[in-house]
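Both of the next two complexes hold chain A, though its partner changes from chain B to chain C.
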Partner chain A sequence: MTGLSSKAEEEFSGLLPADASASAKLFFEQFQRAGLPGRRVESWHYSDLRTRLRVVPPVAHAPDEAARGVARHKLGASERLRLVTIDGFFAPELSDDFSGVAGIEISSVGEAEFFGGAADPMLDLNAAFSRGGFLLEIGVGARVEPVIEIVALAGAETDRSRFGRNLIRLGAGARAAILETRDEGFAGFGDSALFIELGEDSQLDYACRCRETAGVEVQTLNVMLAARAKLRAVSLLAQTPFLRRQFFVSLGGEGAELQLSGAAILGRNDHADLTMVVHHNAPACVSRETFKYVLGDHANGVFQGKIIVPPHAQKTDGKMLCRGLLLSDDAAMSAKPELEIFADDVACGHGAAVTKLDAQQLFYLETRGVPHIEAEKILIDAFAADVFDTLASEGLRDVLRQDLSDLLGEKEPAS
Partner chain B sequence: MAAVQQTVDTVKTLDVDAYKYGFTTEIESEKAPKGLNEEIVRFISARKKEPEWLTQWRLDAFKRWRTMEEPRWARVDYPKIDYQDLYYYSAPKGTEGPRTLADVDPELLRTYEKLGIPLSEQEILAGVQERRVAVDAVFDSVSVVTTFKEELGKAGVIFCPISEAVQSHPELVRKYLGSVVPVTDNYFATLNSAVFSDGSFVYVPPGVRCPMELSTYFRINEQNTGQFERTLIIADAGSYVSYLEGCTAPKRDENQLHAAVVELVALDDAEIKYSTVQNWYPGDSEGRGGIYNFVTKRGDCRGARSKISWTQVETGSAITWKYPSCILRGESSRGEFYSIAISNGRQQVDSGTKMLHLGKNTSSRIISKGISAGRSQNTYRGQVFAHRKAENARNFTNCDSLLIGDQCGAHTVPYIEAKNSSALFEHEATTSKISDDQLFYCMQRGLEPEEATALIVNGFVRDVLQQLPMEFAVEAQKLIAISLEGSVG
Partner chain C sequence: MIEIENLHVAVAGKKILDGLTLKVEDGQVAAIMGPNGSGKSTLSYVVAGRADYEVLDGSIRLDGVDILEKSPAERAAMGLFLVFQYPLEIPGVATMTFLKAALNAQRKARGEAELPTIEFMKQVRAAAAKLNISQDMLKRPVNVGFSGGEKKRMEILQMALLEPRFSILDEMDSGLDIDALKTCAEGVNALRGDGRSFLVITHYQRLLNFIPPDVVHVMSRGKIVKSGGPELALALEASGYAEYAEGAAA
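Let's look at the complex of A and B:
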């Protein structure tokens, strides 16, 4: 509905292979009808993809030996169990052998496996182009102790369009901790989708760090929680030229619980948009959304949150919080925390605050002999790090804490 | 349980059908032909004997309007409006010539008496202690009478219908009209610019504190008419004015359109307090009839240290689409927005405010209380924006929603945009229902459920009621109780 089609839309049309499946063509038609979202579309108002994506890079092919070589070099050694994708394609050759770990099944995913995601043009586009994703399954009742790491890497050519589409499924009562590391390089276009399906009484700790996302990137997470399932998800974003990370969560069973948090540490001309739609589709579900932004230089932070409570979702408990810290006069923050409530016996609330570092706190630290730059770092660290506390997995918390302190260590003095 | 059943039954008979201002006034009126075209725009302009520049201004707006599309982003749902099926001008006969009370049709005076609006100056003057309020009464498309003009004139305050101001103070009107809400602003504002009928004009000269409250009372009477009033208030340097508007309409089965534009200009150190008690006919409990209230209200804090404060009590209208805003341009200027929006039956409200911080050290405060009952939908939509140069901009927003019954909806859509690091924005919102504990406590002390609900709701909206001029606060409190009738049970 965006009127005239943009050049990028036409280019996508040219890139869709002639032998694409019928369902892929259907998804593409759906995308075409909505068009590439831009500022005239309410839910994309702050992230104008139409102006940011002028030229569409060629679509990445399944990784060849050269691509695997580059990826292998980047990977290095790790103690964690790793599952690797290159340009969105599952790369079993580079992944660890999971056959020895009880309760974990890894396979290629077929289109039929995915549950219906949200109505979003970029998700449709992803469905039209994606191939070669993985399905990570944690069996019924399985408790996986070690952290599983998903590593998304770029191949030999960085200036490509990537469309990863993967599925994580936890059976009833299963427990796991998953870390996703996205490192696809600073170029190209990315439109990825991750589906997470949580069975009854299952619990997942999920942390994602996006340090080097592609030039223009959209990441969509579709999450479905059955009764009493718990998801604790944290995203840490840094150095993102243009990233929109969107969450579509359906709390589908009674008593499901969601902790969705994130921190964005941005500088330069970075643009990060965290958008979430949390649908309380069953009674007595709990959701907490907590997001923190640290914005320096010309960075632009966007928060859009929406809690939807239909009439039958009585006893809903939803709280949303968004806080922005502006460190430079050229940084900007836009927040739109929405509530959409049709049930009367609920307790829902949201809060949003945007400000700069507190001068008194800085002064306090400086009077105790902490240099100005150090004092700033301490305060920023304290401001951002508490979003990690929602994670139950200590392993994941430590990874994110370390990442944050590394990030702040590199930081130029803010003022 | 019998007593409960009884309450439920009583309540059912009351419902929103209890709208007490739903009568019509039998009075001859003069109307422009139905429909909207250039001829109608010229007709309205000619009826008001407007100068050429204003006719042209209207025509330009009309030309522009034809190229525009009706906005659809608000969370309201209504059938397509046929703009050709409306009367754009309707005036009670015999309203021309000098407007003193003696000239006004007694039928009209009775109407206002029924509405409880004091038009007779004598009566009010007789009561020694009574606070005096100057009233401009607008009936359909024209202003029928304005009281206390002479007394206000002594203080230098100009308070008259805008059509009169065009004749008597063209330089002021020409300077300020459309300077806050430009002709091209939005669909309904542009439509209003083309066909606006009447409304109030207020000018308070430098340093003058307006000696009494000013008020306008809007009444839509005629069938199939739209009301397009336009209000312009200018507070010159160091002045103060408090202005109140009220509105009602008869019960009718079809929907009527009300697309008003209100412009406020506050110069250096000036203060404008603008209060609204909006009680247009809300339609019946099945959603038949009612007013479409599509209003553009905006205040411009043009001068340093100026202040504009909006207070609104919204209980009427089938559909409300209204965002009284403040442009905080002057250094250290301040904007305030206090709102109570109550929806019942099948009413739909999408209302809120915009605080645009452009100048240094500007501050704003938003307190919004939404109460939805019955099958209504109540949305708060507000924007707080700090420009790069708006150093030390401050905003505090609090919007609370209360749900009564499980068929209604309450929504919050705030937009917070900060482009300056020294800005401090705080926003908080909650949605809840009346707590059973509170109800139980009140009922334990012998209150009926309805009374208890009204009491709790009045406590919920107290912050806003306190901002209203005293006599209107009392009225508003009663109004809240009436609009919530039928919501418990």
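Let's look at the complex of A and C:
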């Protein structure tokens, strides 16, 4: 419990509707007890949310016609099957009709209906405020071939606080590839939660591209894998004024496998914090965490990874790697990989390294006629793009590769 | 034609080239021989445009244009090419992507259209076949896991694709067995003529058996100390470099 309440904490208190449900009030009390996390909380040391969030924008309401118009304008056309949220609310009117796709069930949820996950104040805050998310279920044994895209858009044109809360559930043996596009714009505050539950022997390829995140944004992913389930998840972050993306993963059944990867392409004053706690709760599970940061201008990259192996999780195989590429003397990278191992028959490791572009490689490319700025882009792309290779879905890989290439195309010359 | 005049160069505060003057005519193959530390590799890097080499005085002109203020990429687009003594490995960059980026960047700089992919593939395959470069090698990242000989063959492949007007071969023979040396030399010889010129830097006469030079220059202590015909290389093979090192020291 923090001492004095911050102004933002008091504002949250005023924003919670009087008719909020008992459980919402309970979660809010839990949030209040912990307070907004900041420097003094070890797991939030590098992302001082308490200092950063000074003013809480009004809570977004369910989208009206005007909001749908704003979102529709940004959405554009796509060949992918899409599920759209506006300011955190599921928007069936803008989403595709999934009724013809076998094995997929989509439903709206009111107040937070699914719980669990980590003890985290921002997850509690989300549970207190969230309304109107979706539940996406892939049925037992279903193999969904086309990539399903979740698009998170803004409807409000002024600063808002958004609390999206959604659940993706794969039944036993199901397979799917899901792309999440988070594009809610720079304005406001975001505190979203995504729950992913993978049944036995199911496999999910999940790619999230976060661009133009809110002025201050926290994204929490709660992931549970049953026996032999496989999750291959990649995050591509860019243009993040202040983003904390945190993963709480439980490998809950024997032989489950997690590939958690990501690339953050940061410039200006961007701050991106990727934090993950991977709990090996069953024997013989595999986890790989691989994250790359490209840091220009005054950007700040944070990596915190923790692999926890309790005594019964023998034959655990966990490896964590984080690499930073500094393009500017003013950019910074903080990395804190941790292992907590209580079992004796495991193979676990971690590594972290921060480098600069290799001057000799640059020169070599330039002597072949590739201009300096292009040579830099080629090397940056090579540094970051290999994290996409963990995805089995070629469709998802192609989307991310193209996005990275577009991002680098917009890049200003490194000084 | 490349003309280097009174070139003085320092690396990390230490003077390496000390008033070097050299001219290579169009269509000419010139060899530079010299002992270790005479500045041969420095010369090749300076001509290619490496940034950390400080040019104190002198000029380098390619076809009459001073290139010292030009970037390495601009020099390449003007027709300059350096065969590296130790080609760089670039993990994560596919060889074909690299070749295409290089070729198209040069075409763009010269105001030419990009080469269509099919035509590009055709040219790469044809050049690769002549150099015993397998499709598998082309699929790997640039030079990653290549043997010394494979790396050098890949350099010659790039040269064949880019068709430079002036090439510097920096100790192309180092790390090559005799068969690989022959293959690379054939690749170079295939490009001879048509006004293209070459500067072949080497310690040993052996390379010159495969790439016969028109002129031979001896370099010592950062400058050219003697020039002559191919017979000069043979004389050096017999007598070594001692006389030049001492002469320069005196």
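Operating definition for what follows: the second predicted complex is superposed on the first by the 409 of 415 C-alpha atoms of A that agree within 3 Å, B and C clash if a C-alpha of one lies under 4 Å from a C-alpha of the other, contacts with A are read in each partner's own complex, and residues count from 1 in each chain.
The definition used in the following text is that a residue touches a chain if its C-beta (ideal position, glycine included) is under 8 Å from a C-beta of that chain, and two chains touch if they have at least 3 such contacts.
Model, not experiment: these values are computed from the prediction.
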Item to check | chain A residues touched - chain C or chain B, whichever exceeds | outcome: B
Next on the checklist: Contact-wise, after the overlay, does A:V140 reach chain B, chain C, both or neither (first, second, both, neither)?
Outcome noted: neither
Checklist entry - Which holds for A:A118: it touches chain B only (first), chain C only (second), both, or neither? => result neither
Checklist entry - With the two structures laid over each other on chain A, which partner does A:F383 touch: chain B (first), chain C (second), both, or neither? => result second
Next on the checklist: Touch test for A:L15: chain B only (first), chain C only (second), both, or neither?
Outcome noted: neither
Item to check | Residues of chain A that touch chain C when the two form their complex | outcome: 359-361, 363-372, 374-375, 378-379, 381-383, 385-386
Next on the checklist: Residue numbers of chain C touching chain A in their complex, please.
Outcome noted: 48-52, 71-73, 75-77, 80-82, 84, 87-88, 90-93, 97-98, 101-103, 105-106, 109, 141, 158, 162
Item to check | Footprint of chain A on chain B - complex, ascending | outcome: 73, 388, 401, 403-433
Next on the checklist: Can you tell me which positions in chain A touch chain B when the two form their complex?
Outcome noted: 42, 311, 314, 324, 326-356
